[in-house]
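The same subunit A turns up in both complexes below, where it pairs with subunit B and then with subunit C.
Coming up: the complex of A and B.
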């Protein structure tokens, strides 16, 4: 539901059904709402069957990459010669994204249940829930739920009396955006500096402490109980559009909208309807200028491109952007795109782990050029340099942080070049702090 | 063979063991892929992104160091796309680099210089911004960190973590504020820490010992063997104007991989001693008088010929096998025995390289001396010095040894003249290990050659030559054959 707003009739509330319902947080409340039935059901199925069901459902990674979750699980070795691990990625550092926080705040047991089913499927006896350190409330709620789950035999040595062992530990992040990258997340859990690792080896082969590991986003895992309970076919049927984008998706809408919040719609929902019907459109009589539908790491699209866009993986690509994490950032026509892009670049420059040359130096250089343009000291050639730096920062590094910086900057220049040129021509300056 | 993989790099077919990375495979094909963070003796980091190459059918450039070979792979190092990728890296590396090459010790052997010259842009586009500045830091007794020049390849950090096993270095801060940091209150004083200076591909980590001493292109490099202990690490003696100014490891997979310890690295100043004996000396009317080699050798032969048995040899385990063998041959004529002694220190293994350690015995040729028949009963032999018919010294310091009694003939072969040798009958000046060719046998029985790095002072000659000449002179005089 459009938390904190009342549910909109066109929403499909699956994951967000209990947002705002404080009673759903407790074990008792959760059981009243049908909790842990999916886990019961999953434990009665074979591990392969669970993986197949999730594979068939077509649910894709909700953290931003959109990799099919069931396929990811199937990469885990069938024979367990070393401990297997599941990491629930709750680092949610992507600017504009705040859906996982709400899932953990209101439905901790749904996250737990998804984790437990996934852990069972991939033969993991230990789940690490890596929660962004600033999410103090979510951490408290999740810890309370885990404690209750242990007390009720949902977690521990003998889950639901079925002889399956699942332990769960919360690991608090310490404030690095990059720790949301799955291999950096694993380094962080291991107590190391949160630097992304080179791949191969992939986590399913050598992850946490060199053991087979799967990392899934909170929202992905929260969808799993529904898939198990109601079946893959049902979940798949929720899609309005493409068979490769299934189920529902939470969109965190923020920026220049009347009713920012989390809205849950089925895949393939029109962006325009989400923005104007549900989120109340652009306030103050202003017009839409640009949207980043999937968090700050996806290309900007113009109002025209947004008008016909469908919100699923393929639809966003067709519109020239990506679905990403579903953290939709809305910019109105009073918005200074150059300034906004500089802020994004500055964020990436600040968060770059400093391993790869292109990212370490490129994000900082990009920021300096943008700040110079904002000081009214820019030159037309600076725009070419920015685009060329973007090229150098794309597809050449260990992770995609520098790609993300480049994509925001380059797409903004491509689509809003007159805004940049206006600064350069007029010599107008704004404060950039 | 099934464990070999065939692939094509830069149009050349190579067959390499499965699991080899593309960068090493290219080396085997005779192609150097430019790189900074990769080092064969360190774990792969894949961070500098300099080794980007194009692989046919791959959508993105691949970092050669982090890409395992696959059968049928076709990789190109010099394709426009790959070159453009590396040019981008070089531009990024230079934007904050001070370009103070004229005062940088690394200039001339700097991989940043080399690759920028080879394939970098001719100009920079980073013109209007201040470069990052950090003051120079003192990391340890011999290591300085010039952060401004650092390209954050992390070789030093990985060396301390994984090879030295003393993780005192780290990458501190993030983004373009990042620099190599040292743990609070710690010093980079590990016995093998000096290797970080060699590993640094730029002039960021510097040796205080070598600081501003020479330009890299003025150095002559000579293959040698470290004289610091019985490990026998392969080193290069780097000389300028007949002076050893730096000792660095040479790669040797069997002995020292790519490393040497700080003891071996910094204990070379004795090779440049200026208080050397420059001419043969003979005792005449109570004082040593310089003579030419012919007279000196003849005099030594005379002394030996008339000396009573048993002869006593006091040798250094730092002498070459050739010199020790020649000394043993001479001693045998007088029914003599030879002994040696070795200075000892703590054994300091290098954690990450099995079998590599700064050994307890701090001389290069202990096994060679033993093989030549020299014994270890130094104190026993020295106690009986008075009963010897003749004393022959081979470059021994004679510290703590009494001078032989006046009547005992005393032939001294050495580099410098200690007080107790001033009474020697004949003094024959020899070359030190940097001034001759020879071999040492290391603790594992491996016999290794070293080459001459500088000329000996004055008339000094290699000890093996001197003792051989003495033996020849004896043979000619007596008609005996050896």
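Coming up: the complex of A and C.
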């Protein structure tokens, strides 16, 4: 299958196998496709064994941070003296990223199965699936799957007759990018403003309602059944470049690209092949100007840097950027990069929770300075001020929203300085603002 | 972005809206409360219930939510104002959010906004149309970047909207 395009022969189709296959959404359809065998297998294994398997597989957090998932699970207390919780982070909001939405709306039972295995492993009796408020279709499809799973004994007091209790509840967000940050997400579930919490304590020590909690991204959890079913060694073997990056990754390609959509490739796949061979390259006879391979919170890279980049955690760093969430934003040479950078800064200013001064003021002033440049009223010193501001916004706040804004703006100035200088020199105002 | 309506409401200047958490509403809330270990956790779901019934979250509704969940009105208001999807003012019959963040922006999203304003007769973003039918706002990333430009009309997410396809879309919802 594949959605919105048929799967490309060079894709490694694991998580996206049933994208576009509406019958895979129902319990019956999912069982026909081999559903819940991994959960059966996991419940027959010891909890520690499940955690070890996931640890050995090398799967890293697909939400953007890339922290090894099995290691995260192993931080949970072995003795349960308080309730343990699992949160499935489906607050997908990183501009450029739309993979979790597809996972939930085409393969809800795959997400559910991953959640159930994780919950068993970390002794969580309740899973909260935090879905962003705008994903109304994903919420409907996931709720239908959860209802069916309860009816079939996959969820509830006695999962698959094994005496394990797993409850699952969808918690609908209400429009806040920051709630994708794991501690903000927990506050939002608790019915509070989505302000990130100071760490430590980390969620495994004190998370939801002060209890041990693990937060995993949808895509990470969806990979778990495959790891349990086919084994860690097999999953680890899915690596084309650096052995520290394993498995498959969904890349959401968007912006100025001929065939936007999700493409699933083995870690280490060349960016160039993904962009030109699978996604059809840049439309309209134009040329590539810049790419953000991991959502808007990672550094911009130029066409030259993108040409040799390999898509895994280390490969992206070597190319001067990051893998992030895999939301690949493509900008062609007709793009006004200064204007787009202002739009990104404005996004962060809008989404800042405003707890930390560096972020609240930094994102707002970054936006104002960029808008001034776009009005044709900029001075050359403004570029230095923006870079200096970026330094003040990095590594100084409770979460990394501020850093993300800085990284996008500063990398754009470094890579495309002549574009910024042209506005300042000419005193010309942007046509579209 | 700004979702300010065209009207302002002083407390007490409107008749009290019907209660949300009575009868079937109360039973729905009780079922939600069973899913959480404390009452405050039901705040976001309760606010969604309010908005589904009234179309916005009025000061009177905030007071009702505070009462049923045992919270202060100030803390409820603090939450309502944090999340952009709760309307703090009445909006048009159809609430339209157009994503204009960079991935959609480079695909012509601002033209889609302009087309919506023109087709609905809204004077500007955030202002309700004279017939009370439409409110158009820009949204920051709707999470469907591969289907530029995604637009939410009420609870429906519509993919791949172009400036040219807007008039037909507006006619469909009108």
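Everything below uses one rule, namely that the second predicted complex is superposed on the first by the 428 of 433 C-alpha atoms of A that agree within 3 Å, B and C clash if a C-alpha of one lies under 4 Å from a C-alpha of the other, contacts with A are read in each partner's own complex, and residues count from 1 in each chain.
As a convention for this text, contacts are C-beta pairs under 8 Å (C-beta built on N, C-alpha and C of every residue); 3 or more make two chains touch, one makes a residue touch a chain.
Remember, it's a predicted structure, so these values are computed and weren't measured experimentally.
After overlaying the two complexes on the shared chain, residue contacts for A:198 are found with subunit B alone; subunit C is out of touch. Shared-chain residue A:169: touches subunit C; no touch with subunit B. Subunit A has more of its residues touched by C than by the other of subunit B and subunit C. By the document's definition of touching, of the two partners only subunit C reaches A:97; subunit B does not. Contacts of A:331 after superposition: subunit C is touched, whereas subunit B is not reached. Of the two partner chains placed around the shared chain by superposition, subunit B is the only one that A:360 touches, whereas subunit C remains out of contact. Of the two partner chains placed around the shared chain by superposition, neither subunit B nor subunit C is touched by A:120. By the touch criterion defined above, A:30 reaches neither subunit B nor subunit C.
Once the two complexes are laid over each other on the shared chain, residue contacts for A:251 go to neither subunit B nor subunit C. Contact with both subunit B and subunit C is seen for A:350 once the two complexes are overlaid on the shared chain. The residues of subunit A shared by its contacts with subunit B and with subunit C are 176, 193, 350-351, 353. Touching subunit A in their complex are the following residues of subunit C: 1, 35-38, 40-45, 47-48, 69, 71, 78-79, 82-86, 97, 100-103, 105-107, 110, 139-148, 152, 155-157. The touching residues of subunit B, counted against subunit A in their complex, run 44-50, 52, 59-61, 63, 66, 68, 85, 88-89, 91-93, 95-96, 125-126, 128-129, 151-152, 154, 170-171, 173-178. Against subunit B, the residues of subunit A that register as touching in their complex are 176, 193, 198, 200, 349-358, 360-365, 368, 372, 377, 385, 391-392, 395-398.
Contacts from subunit A toward subunit C in the complex involve residues 4, 83, 92-98, 101, 132-137, 167, 169, 171-177, 188-194, 209, 252-256, 260-262, 296, 327, 329, 331-332, 335, 340, 343-344, 347, 350-351, 353, 432.
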